[in-house]
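Below: a set of structures, written as structure tokens.
Note that subunit A is present in both complexes that follow, paired respectively with subunit B and with subunit C.
Moving on, here comes the complex of A and B:
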């Protein structure tokens, strides 16, 4: 019979020390992914380290460079934050439609990222915002761009004994516009079939820079670099956005599953990219 | 109807008739607060898992992971060395007959010799703790030698793989109704439309999954069972135990939704649990997890329907020819009856002179079908109502107008040639709902794409025979006892599972006795009550209420007799109201209800009564497929307004206008609750709910990917229009209503989608992706 060892931490250092000694321990914060996966028999950890009590990893604050969000901040806290609404609008938009109230109260942004689901709704917004994530391990840590964080479904660059601690989001400029949209099979409480986020900086009536990212259409959340290249430096128009959106098919590799076929996901990626670009440009004043 | 029945039930007929003619009601027709609401709100209501019994043990099912195969061995494996392990229960432990088949004896309580679907219960593991039961079942070793399996009903009809050797063919039942010569009439019709329709499973998705607590004591068994027919759960439990039915007592706990599913699963789980209780000698709580419920409990029958219908250029229906294939899954269960109902409702609520409707119930190696709100009818009404729109389009007539030209009315004959002599309000319902929704104007204005979105408005009708079909005997009963202090107990077999029947029955008794609802205690859903039949077929209040009304009126008459003697007036002049018994002509002559009851006790008037009523039925000729299909039908008309996102295929139902013909509405608020709930469940059936099966295995046995509507999907539902087309054998004229609004929802949405964007849905469910793909095909690109 299998027994589960459950450990609870309130200090980051204690947690890191434990994780360095017990590299196979699964980390749990909100438990909204881990517990479900254990129940379905997909994961059978022998040790679980509960880090939810580490208060220093919780909270949203404005920093010199922008926004710092602790990994244990719940999605509901993000959803209710006027700071996030002002400084990271697409992340705030993603939090509005995220799962259910109960799950938002338990689930954390760090958990959403570390679970590394291709459908993680916080990932595309963070990618277009140019966010970086900070990690910690015994005697060190690193800061890396969010795009380099994911390696595959359920896989991140985190090494054994390493914890995600914070998300840093740079302060947006004045002539920037952002948008996030998701497509689910019903109105609410649903996993996305496709999600998309866009951020665009308008300079002298042209698209100075643009970032587009999607979820649920590749093994990891992805940037749509072909779309971005197609747009950069050009004067926005309805036709340009339409033709650029169609290029997203070069950036994605969707699969067919119980939720949708690859074909439908491809078609919807084009629609969503166009919609978020239109919205972001409108918000940027273009 | 036999003349002896008229003679024997003379008093009952006269009671029902007198209430039908009553002009004024005190409690009936009012939105009385449901009697179970307070205990539910306070969290005091006890569901099956809330019953705690000394020495209780916990059981879980061990399931087949093979869709078809021969069982070689079942052993506890490592489970037996676990400290919490109590026992492993298999078919060998069944002391009586291992048989839970509803109509055809093809279904074991626990698999015996063979497994026939992925998820079939092969054993029960009994443990000291619930969490251990969950763990232990994964340790049980089941060895099965796989057999070739068949999943597609059309493939199964070829009989290359036989699922039930004892039946000999996978086509287990064939049905037929009809009249005239449909083939010839179709050849001669000016317009003909022919299509194939397909429907998938729908899961009941009740908030409370299945569970039963069985308590053995000295050779007798108490079974706490969320079952829709306590006496059936009692009968089947007794059968598997091999004991007299009277040795089993069934009690209903509070039930977290049923929708028909617990009509089947109540008795099946009761049978499984009593076997475990018998063998271990301990109280056993058997529960299905949500995943078990998805993989192993019955669902709405998947169907393939070929439908050909014709009309004259004047707009009259000429003929319908229908072939219905119901995918039974591994066991026949309710299939013979859901299929018959589908076959007999195939024309829709219209006058059609030539009808040929045939059905085939086919075994496959998948989870089996069962009772579910609508009971075979939503599938066939979808086809019938989509056909009506397509025919109207060919004719160039407004689809609502076309329906009105053919709608059933008093004096019409149905597709089984049954004469409808009264209680047919559908025409008026259709006219009123058209007016309320602004049908004509929206029909003209919608159907255009603006900013990537298009609106549409669609209509659909339904008819639904109440209670059991044909000559299947049907009765109801209730027992009422008035205590010396004037308080009243009502015993009914009707089960309360959220629909409000108990409140409705209390209102009827309260009306008949002229005392407040609070003075009456209802003991329902138990085998201690007289056998009242099942709470299904929308008969809970309509038939259960009839019995309660008859019993209460017998007591009312006794009180009237005694009071009349005291007042010196005629018993007919004695009124019972607000706790008073008085002389109508001289209201000064009065006494309290309690005094009148006391007087009855002293003067030899019985203060208890039963309300047995045997439903008078006319003949149905099975050979010809003609005759009385049902004693009465309820009717529904629904108009829906949708908005389709043309780029994504997402459909939002914006507004719904329901109109219902269910005779007298006993409690408008409860009726509205049923209409609203059924609309949302029908919306889920059409747009969201899909069981995905691969090689017989359900791929989405959880709410993550089996999508029921949330409150965010709720459209604006208008207050129902009630056309009160009284039914002569219903209590104060009431008919059934709880199933009604679900039945036309899918085609009403389908017809609205067609109006919005021009694609013609022929499948249920019809989620965004399907609509998108169809749209792309139609529009090219």
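Moving on, here comes the complex of A and C:
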């Protein structure tokens, strides 16, 4: 590893100015992705900008529209939060099974999203929750639906000098149900083989709306739109859920890697989608 | 660059290049070699330390990130030449063979018992998923944490 300069910031303004002048600088939050990449020689930043001292990027707050989570909030803080458990149940479930205590104490939600791994475990839950991310840069930030945030493996829409600051999650309604499930090589293994999340709103005994998202089965976390279309407006039944789950094969493009084969991922996607749908519907009272 | 923090209750100040990890800083610059180097990818837990009371992998932390922090390594567990009850319990339960994983397990166990004085076996297993023991001493390690919990509660009861 090599690096020439290390800078710490406690003011967002200062950090943004520095990042705009120094496009080569790499941000560090918890470092659990960055340091691994530096060690493997994948990344050789000449400058590292430590944003951990910027207090306004920390913490979980209930807002008028729902929940606001600062980018520097750790996965362990999310795991321990009763606010997240109540207002963003699938995100809370994802935090329960996320990595190890040690990793969760350092790893942040902002780092998980900005690292843009197809396997980022917070992404499918945020997608089904209809979350938006807020960014900051000199001259003004943006608010973007989480789906539009990812561009490819390791790639986001963030431009040079732009920071992720907050995640906004709308308040769930009544008769809404959610679920998250992941499959890994072992409970605490690095990355999921497949993960899936679902959110469903039941209206008059029918599926009023539904969102399904998966991780590790495409270049980015993805929505399963074909499955969603198959279900919307219909009366839930075992058979319907089973046949709709099989449609997920139209929505994913898994690859084979060290964790699993593409074939296994396809088979497991169908199973996980079925399970999260069943659970979400049960929780919605259907 | 100059890095300042508290190590096992003592203030330290050390000059080191910014790209090294906290693991390297602790072992090679400060000689706290109780912190073990294993996988260096965050998976084995041999390098576990407490940073502001929380267990973390020192192999995934850049040394300058420790600025101002309170760091505790296995060297900081014993007091006045007396082993910490968790260390005693590991010996009494034979919770190690080669011992390479032990400092990491001791640190994570301390963090757990500081938060939850009387943890269930399930909670102990959950807290320790980030520590791997290649010798497979897990069963004894869990017994040791339960025993340590008992010891710590009786000591604090007799003091209080």
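Here is the rule we use: the second predicted complex is superposed on the first by the 281 of 286 C-alpha atoms of A that agree within 3 Å, B and C clash if a C-alpha of one lies under 4 Å from a C-alpha of the other, contacts with A are read in each partner's own complex, and residues count from 1 in each chain.
Here is the rule we use: a contact is a pair of C-beta atoms (placed from the backbone, for glycine too) under 8 Å apart; a residue touches a chain by one contact, two chains touch by 3 or more.
Treat the numbers as computed from the prediction; the structure is a model and nothing was measured.
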First, second, both or neither for A:65, with subunit B first and subunit C second: neither
In the superposition, subunit B vs subunit C on subunit A residues touched: C
First (subunit B), second (subunit C), both or neither touched by A:271: first
Which superposed partner A:31 touches (first subunit B, second subunit C, both, neither): second
Contacts of A:102 with subunit B and subunit C, given as first, second, both or neither: second
Touching partner for A:6 - first (subunit B), second (subunit C), both, neither: second
Partner chain(s) touched by A:21 [first = subunit B, second = subunit C, both, neither]: neither
Which superposed partner A:191 touches (first subunit B, second subunit C, both, neither): first
Subunit C-contacting residues of subunit A that also contact subunit B: 1, 187-188, 190
Interface residues, subunit B side, partner subunit A - complex: 82, 135, 647-648, 650, 652, 687-688, 692, 699-700, 704-705, 707, 709-710, 712-713, 767-769, 772-773, 776
Residue ranges of subunit C in contact with subunit A within the complex: 1, 17-21, 40-43, 45, 48, 51, 54-57, 59-62, 64-65, 67, 108, 111, 126-127, 129-130
Interface residues, subunit A side, partner subunit B - complex: 1, 183, 185-191, 258-261, 263-264, 267-268, 271
Interface residues, subunit A side, partner subunit C - complex: 1-6, 8, 28, 31-32, 35-36, 38-39, 48, 50, 52, 76, 99-103, 105-106, 187-188, 190
